[in-house]
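In the two complexes that follow, subunit A is the common piece, with subunit B as its partner first and subunit C second.
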Partner chain A sequence: MTIAKYIKLYFKLVSAGIRAQLQYRFAFVMRIIGMITAYTGTAVTMWVMLYQFQTLGDWNFFEMLFLFALSILSWGFCIILFFHFRSLDTYILNGTFDRFLVRPLNPFFHFMAMKFDIASFGQFLFSIVVFVIVSFQLQLEWTLGKLLFLLGAIVGGVLIQGGLLVIISAFAFWTTKSEQFYWVAMFPARNLTYYPLAIYPKFIQWITAFVIPFGFVNYFPTTVILNKETPYFPDYMGYFSPLVGVLFFGLAYFIWMLGLSRYKSTGS
Partner chain B sequence: MNMLEYEIVLKIKIIYGVQGMSSWSMYWTFTKKAFLRSSVYRFEVWSRTGSNIIFLLMWGSIWTALYAGRDEAGGVTFTAMLTYIVVSQFLDGVNEAGTPLWEIQEKVRTGDISLELMRPFDVPLRYLFADFGSVAFYMITALLPLYLVIFYFLDLALPTNWLTWVYFIISACIGFLIRYCVEMTFGLLTFFLVETGGIEDIFYFAMSLLSGSVIPLWFFPSWLETIAVYLPFQAIFFMPISIFIGETTGGEVFTSLGLQLFWLFVCYLVLRMVWNRASHKVVVQGG
Partner chain C sequence: MSIIEVNNLQKEFMIAKRETGLVGALKSLVKREFVKKEAVKDISFSIEKGEMVGYIGPNGAGKSTTIKMLTGILVPSAGQVTVNGIVPYENRQENAKSIGVVFGQRTQLWWDLPTIESFELLKAIYRVTDQRYKENMSIFQEILGLDEFINTPVRQLSLGQRMRADIAASLLHDPPILFLDEPTIGLDVVAKEKMRTFIQEINKEKEVTVILTTHDMEDIEKLCQRMVLIDHGQKVYDGDILAVKERFGKMRTLVVDLEDANSSFHIKGGELCKQEGNRYWLRFNRNEVSASDLITQISQTHNIKDLTVEEPDIESIISRIYQEGFIEKQTVKG
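Right after this comes the complex of A and B.
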């Protein structure tokens, strides 16, 4: 099949998914409200934290909000495209994963297109409102170049976080566990990146730059946009976000396919 | 379900109650079972410990950066503040070993909890005693060893008076019970709501901020501190930890413990009320 056909098919599957979700409109609205509440809660916590102290490292409240919102924005896209990868273990254990293998489609693509979670509307709403507020407060001037840079950072962020979700799901091929890895590793790691990485010990900063490249999701791009200093790292790190994203996602895809090749159905 | 059926259920309960084991040993069985069950799901224990360490690292780093080399801020020394965060993460680990909110919600949704209404025990008590078992296992195998090491290697302010230790343990236990009542009440609200999306987020927000688990109340803006003081959440983290690091001393300790008991009483009453309404609703709808 050609790529164009895959794209067409993706939108077909996705529109079916959206229609299915809109059947439960109340649940849909409540989920969005819930997410916005949760993120606002984190933002309020940051505000209370800085009420007495004014700055964390050399970051003030609005700079931290920007950092946080960038993470949430790319996470929103990630939820749409990849969030269901974390529960691959359930599919394998129930034997429902096998249906992705018997169709004339790339199983990775098929599994990816299976779900399209539009409740991430909450993430978009939250992060865009925050971007507007912060832009006014910090008097950011959005040039075309900066907007393109932001777009690149978002693409990079989606690919990096999506890549990690894909790697986590691939664990299920070997261990029949994946969801739990998400809650152990990725959820706390994402929480770490809500705050400037500069405050963490050096080895954590190294891991987030070169091992699990979460630093490229929001921290390095934000330091470029807001002209912040990055101790231990050169200032231009943020420009590599899209490249790191592509490479990391490529690696994730490779690991997933490797796992798939040695997958044996549980026979349930 | 009509009145007759209702009476039958009631009778079954009475008969079971009479023939069953004496109630405390029955609840004790739930504790033992939960303890053994946790030992089977050892991976879960490891994973929870892993994320506990990451969050400890996060909050430790945040407070180190906030103090920025100062020895004290707002009348609280850096050592005391670091101790505060470490103890808070320890208590967080203890509290998170219990039945989490989403599991209660799931049990309500699937109807599991309604089935338990038929059985000869009190459901909220049964979950509490099961929680004792999983908490005990988690503490012995992970939390206590981990935090002993942390206390040994970090330069923290430990209570020098053994009485402070006793007060802290009592206070932390009351805090645990309050958290249990509040979390169970929030979980039981699932009985009355079609969709619980916002509920759990409100609960987690209150649990993390208003309880003082990540920021002590004395750093709050005064209006927010006033709100927090009049809510039960501060009795879960802020009060026991304040005793531990010596911010609450002397007679204040007893005021603090008294207030905690008051909140425990109120929260227990609310839990009972919600539970009665919820179980009544099940009877009326026939599950």
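Right after this comes the complex of A and C.
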């Protein structure tokens, strides 16, 4: 099948997924409200904390808010595209995963196209409001170049975080349960992105730059946009976000397919 | 060449040994021991175009493992498989185009959407042309009566309706081969009968080769001329269903609960095969003696509290075949 046909099919499958999701309107609305409330809560905590100290490292409240909003924005896209990979283990355990293997499609594509979680509307609303507020407060000038850079950073961030979700889901092919890896890897990694990496020990900064590259999700791009110092790293790191995203996601896809071939020889 | 060829097919799994108790569980966290399990030991058969074959055996016999290898979900440990000239595990996507698969317990339809939408999505997935789609849908509407529930969300369908929709969905792309895994499981008697008629008509109408796994001996009797019986990963019987029926289908078991649990009793024409407390199992050949005859005999000397007559199920037929050594590995000519 050609790429164009795959893309067309993707939209068809995804629109069915959205219609299915909209069957449960109450749950849908509650999730959006829940997300906005949760992130606003985190932002308020940040403010309370910084009210005492004024700055964290050399980051002030609005700079940190920008960092936070960028993380939430790309996470929002990531939820839309990849969040259901978290439940791959359930599909494998109850046998419904086999359905993806009796269809003439790439199973990764087919699984990815099964859901399109538009309830992350809350994340978008939150992060866009925050971007507007912060832009005024810090008097940011949004040139076309800067907007394109931001777009690249978002793409990179989606691919990096989506890549980690994909890698975690692939563990299910070996262990049949992968939910716990989500709490061990995804949750801490995402929490690290809420604060500037500069405040963490060198060791952790190094890991988030080169091992699980979550530094490229928001920290490095933000330092470029806001002209911040990046201790231990050159200041042009942020430009590599899209590239790191593509490479990391490629690695994730490779691991997933490796897991799939193991699944096909063990059955569970 | 036959449409399905299976030669010396084998599949073994490594299964983590589960230790009992908390200490055992902790021990297996650190060091896991694996046990080799041969799910399919050495199975060969070939199936001709248009045949309807019952692939049966007790739980854990290796039925679904075989089906998974035929559909390309699993890679065999050894042996050869070809389905419609394709090696399924090497060319899974190509193979998927020429097979339809129905897992009785798991639907392939989109749960929350009106039934028709699943068909439209499958049309896109299998790239069925508009014309084929129209033609097939009108055939399904005629045979399976999809019209009555086509706009109902799948989750609101009755089990019988859902199975009909599932079978139609698996045939939308005109596969020459159809795998039906427990297509009548959980259905009531009427719905079962309907389902069997549909399967028969579809086999006739579209010349589809059907491989059917089931626990229901009646499914096999009504649908298939041939059955492949497997147990413990090995083929026990392959051939005409009539031969098996003649040999074992005439055997019935009379189960009686007596008021007094006394001693032995000898009943002419009935062979006592099991006893538990007051309950006695008597096997008899229904061509030689009738159930009422046996009951009359028993009631002369004992007080009967309750009784039932059991027809042979697959498990008991398999155990009979083992006991009596009916292992003629005859294959239908092909």
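We adopt the following convention: the second predicted complex is superposed on the first by the 263 of 268 C-alpha atoms of A that agree within 3 Å, B and C clash if a C-alpha of one lies under 4 Å from a C-alpha of the other, contacts with A are read in each partner's own complex, and residues count from 1 in each chain.
Definition applied: a contact is a pair of C-beta atoms (placed from the backbone, for glycine too) under 8 Å apart; a residue touches a chain by one contact, two chains touch by 3 or more.
A quick note: this is a predicted structure, and the numbers were derived from the prediction, not measured.
Superimposing the complexes on subunit A yields a three-chain arrangement in which subunit B and subunit C fit side by side. In the superposed pair of complexes, A:K264 makes contact with subunit C only, with no contact to subunit B. In the superposition on chain A, A:L148 makes contact with neither subunit B nor subunit C.
When the two structures are aligned on the shared chain, A:I18 is found in touch with neither subunit B nor subunit C. When the two complexes are overlaid on their common chain A, residue A:L9 makes contact with subunit C while staying clear of subunit B.
Shared-chain residue A:R99: touches subunit C; no touch with subunit B. Of the two partner chains, subunit B is the only one touched by A:L56; subunit C is not. By the touch criterion defined above, A:M35 lies against subunit B but remains apart from subunit C after alignment on the C-alpha atoms of chain A. In the superposition on chain A, the chain among subunit B and subunit C reaching more residues of subunit A is B. Shared-chain residue A:V129: touches no atom of subunit B or subunit C. Superposition on the common chain places the nearest Cα atoms of subunit B and subunit C 6 Å from each other. Shared contact residues on subunit A (touching subunit B in one structure, subunit C in the other): none found. Listed in rising order, the residues of subunit A touching subunit B in the complex are 26-27, 30-35, 37-38, 41, 44-45, 48-49, 51-53, 56-57, 177, 180-181, 183-185, 187-189, 191-192, 195, 199-201, 204. Contacts from subunit C toward subunit A in the complex involve residues 13-14, 65, 68, 71-75, 89, 92-94, 96-97, 99, 101, 103, 106, 108, 110-113, 117, 121, 124-127, 153.
Those residues of subunit B lying in contact with subunit A across their complex are 43-44, 47-48, 50-51, 54-55, 57-58, 61-62, 64-66, 68, 73-74, 194-202, 204-205, 208-209, 214-215, 219-221, 224. Of all residues in subunit A, only 1, 5, 8-9, 12-13, 16, 19-21, 23-24, 94-96, 98-99, 101-106, 264-267 touch subunit C in the complex they form.
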